[in-house]
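Below are two complexes that have chain A in common, paired first with chain B and then with chain C.
Take a look at the complex of A and B:
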């Protein structure tokens, strides 16, 4: 059964909606800024979404108040995504549309706020007693509530692979006939936990991150919301993009350091190729995890060399977006999908002096050329990996 | 309809250290309280560093795979918890509120929802897919559905783990778990059934359901939680009752479970 992507939208540091992202990628304008996140004085750059605060939730949704849900609310309203969901619901019924979202920290920003002002007994103040917010399913609850879909709803939280894995789960649900369509995606927002947490691991750069550069010295944390509507080909409005395959794996090595030989990364990519029934040579572009940490970039390049022959283009887009953690998977899946649609392949922003020790050549400048099949990699803490493969029809290609 | 075989079961709370003790108690045997959690599979170095969520999960996962006689590195995992690791979250949020720069890097990497599956893969050297999911109160049966779909679709045995830890004070007004509790089911694709403890047939039903009561010896001991709720299914697998069960899956739907072959 062919699983297609009916509609998608992405909001991240480059702005709200796909146009802002595409323009930033084409013009090579980064969305990163000096850290100005309230309550955090870490010297770093961040990928903050500028207007999240302005997206106040309507009164009926106040019980779900959190920065993460405001970001979801802002993201859902871009690119006519809600209209596409509505059309799908009219076609198949609300009970036949499921929700599978990814996040690493959900609405923990709201929990942090509650802890800063606990009552004298050490309990949360009444305004923070939000059972549907202080848990990891908060984005799933929010999106189900806003869209009114009534199918199964869950949130995947496997650190930085979360919103890549949503595609695998969504595809399985549709194939199993449990639903006809799934709103898949990811929402992760800036919060003190991740800013101070990654800082404590000495993984945060004081400068704009430089993926695959010889002088790379860490990540910039970003935030994002992205959504894709997946369905069977016969139910799609214009099915030009399909999910060709996915591969999931574990490193089985260390909680916060990737396997030195890239074993889990290689397995994820190979399983995706096997699942899609294609060879590595058929992949035109890989959007890498490419966080700009010392370990990730070196090991991902090593893993790439074990799977690809060097002709497949590969780049990291984190110089534009920062590392959006649990939302990185969906944003980079969308960048990969867009490359198959437009033939515009982003290079690697901020990488001026690529590390010559790398076993795979990284694309630095933007490239224009046909992309029939694109892959994206997402690797997370706990050694949790996911690779996705998308096939598209080029503009005017008429596939 | 999705059909899978149950080939292993794990269970732990302070009232029962494993599935056979739980079954014994449910069948009228005496209950012993105050069991201590000692996850033997976890090496001492990791045991010191691992939070309770990891210890609970690893223990019941180990029990279930041992019972099935399956190599852990051939099994996929779906881990679920409705409130995840509230204790690590509690420590981190207190630190952030007082001295954010003092956040512990170990606590931070332990705070990911997939910590248990991460530790599990490291100990068992398993490279198989592992998921960590949350559906708030609906977590345990959403995890069962997710694992069953994956089991049938990928033709792979899957571990389903559902667990909760004790609620720390600031969360007590929104969640009231008093008992750390975990349960695991190891399911495999429908087979000849000789080694199966039970066969489960699952179906999503378009009507809400309420949480079934736990059998009485448990009901008065455990606070309701998503860890405890999976025990209702375990109890049914151990009983001779054959009527279909219905568990809440979303506010609007439920998961109907037929247990067609018993232990």
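Take a look at the complex of A and C:
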């Protein structure tokens, strides 16, 4: 059964919607800025989405108030995504459309505010008594409520692979006949827990991040919301993009460090290729996880060299977006999808002096050429790995 | 398949579905991410094992499933790779 992407949208530090992202990638204009997140004095750069605060939720959704849900609200309104969902609901019925979202920290920023603003007796103020917000499943609840879909709704939280794994679960739901279409996506917003948490791990750079550069010294935290509407080919006759394959694995090695040989990463990529029934040589472009941390970039390059012969283009786009954690998977999946649609392959922003120890050559400058099949890698803490394969109009197919 | 997994109601009352789906996800990953579109006897056996909390390893599978907290499901499936495990045990 062929799973196709009927519609998609991405909002991140480069702006709201696909056009903003595409322009920034083409013009090599980063969305990163010096850390100006309220209440955070860490010297770093961040991928903040401008004006999220201004996207007020409608009154009927005030009980779900949080920065994360405002970001989701802003993202859902781009690229006619809500209209596409509405059309799908008209076609198959609300109970046949599900929701699978990825996030790392959900609306924990709202929980932080609730604790900072306890009343004099130490109790939570009434406006913060939001059981459906102080909850990992908050994005799933929010998107189900906004869209009115009545199919199953769940939220995956496997750190930085979260919103890549949503594609695999969505495809399994559709193939199992649980639903006919799925809103898959990810929403993760900046919050103090994440900014200070990664800073405590000494993983945050004081400069704009430099993936795969010999002088890379850490990541920049970003935020994003992205969504894709997946369905069967016969329900989306005009869709030309397909989810060709997916591979999931777990290192079972360390809480925060990838396996030194990249075993889990290799397994995820190989499983995706096996699932799609293609060889590595057929993949034209890989959007790498490429966080700019010392460990990730070295080990991901090592893993790439075990799977690909060196001819497949590979780059990291974290220099534009920052590391959007639980929303990184969907944003980079969309960048991979866009490359198959437009033939525009982004290079690796801020990498001026590539690490010569790496076993795989990274694409530095933007490239233009046909991309029939693109892969995206997402590797998270806990050794959670996910690789996805997308095919453009010329390939299609898939299992 | 949807009915078999228990998806018959709205999103607020489908605990059975999420429980069964969590087990299905664990099972699929234990089978090397096979593309499984239909129920099968093996999975039916796992469901039964989870439902009855049977401490059986006769099939070569062991299921750990539960609700960590309200509406938070977990499932772990262990495949015991010894073909003659049952006879060894007995």
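Assume the second predicted complex is superposed on the first by the 389 of 399 C-alpha atoms of A that agree within 3 Å, B and C clash if a C-alpha of one lies under 4 Å from a C-alpha of the other, contacts with A are read in each partner's own complex, and residues count from 1 in each chain.
Please note the rule applied: a residue touches a chain if its C-beta (ideal position, glycine included) is under 8 Å from a C-beta of that chain, and two chains touch if they have at least 3 such contacts.
Computed from a predicted structure; not experimentally measured.
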{"item": "Clash-or-fit label for the pair chain B, chain C on chain A", "value": "clash"}
{"item": "Touched partner set for A:169, first chain B, second chain C, both or neither", "value": "both"}
{"item": "Which of chain B and chain C A:122 touches, first, second, both or neither", "value": "first"}
{"item": "Touching partner for A:22 - first (chain B), second (chain C), both, neither", "value": "neither"}
{"item": "Chain touching more of chain A, residue-wise (chain B, chain C)", "value": "B"}
{"item": "Chain B versus chain C as contact partner of A:384, first or second or both or neither", "value": "first"}
{"item": "Partner chain in contact with A:154 - chain B first, chain C second, else both or neither", "value": "both"}
{"item": "Partner chain in contact with A:267 - chain B first, chain C second, else both or neither", "value": "first"}
{"item": "Which of chain B and chain C A:1 touches, first, second, both or neither", "value": "second"}
{"item": "Location of chain B clashes with chain C - one stretch out of 38-46, 110-118 or 182-190", "value": "182-190"}
{"item": "Where chain A meets both chain C and chain B, residue numbers", "value": "95, 137, 144, 150-154, 168-169, 172, 175-176, 178, 248"}
{"item": "For the chain A and chain B complex, residues of the former touching the latter", "value": "39-40, 95, 104, 106, 108, 111-112, 114-116, 118, 121-124, 129-132, 134-137, 140-141, 144, 150-159, 165, 168-169, 172-173, 175-176, 178, 192-193, 196-201, 248-256, 263-264, 267, 380-384"}
{"item": "Chain C contact footprint on chain A (complex, rising order)", "value": "1, 95, 137, 144, 150-154, 168-169, 172, 175-179, 246-248, 271, 275, 399"}
{"item": "Interfacial residue positions of chain B with respect to chain A in the complex", "value": "2, 73, 82-84, 89, 92-94, 96-97, 100-101, 103-105, 108-115, 117-119, 121-122, 124-136, 138-139, 142, 145-146, 149-150, 152-154, 169-175, 204, 206, 249-250, 252-253"}
{"item": "Interfacial residue positions of chain C with respect to chain A in the complex", "value": "1-2, 5, 7, 10-11, 14, 17-18, 21, 24-25, 28-29, 32-33, 35-37, 71"}
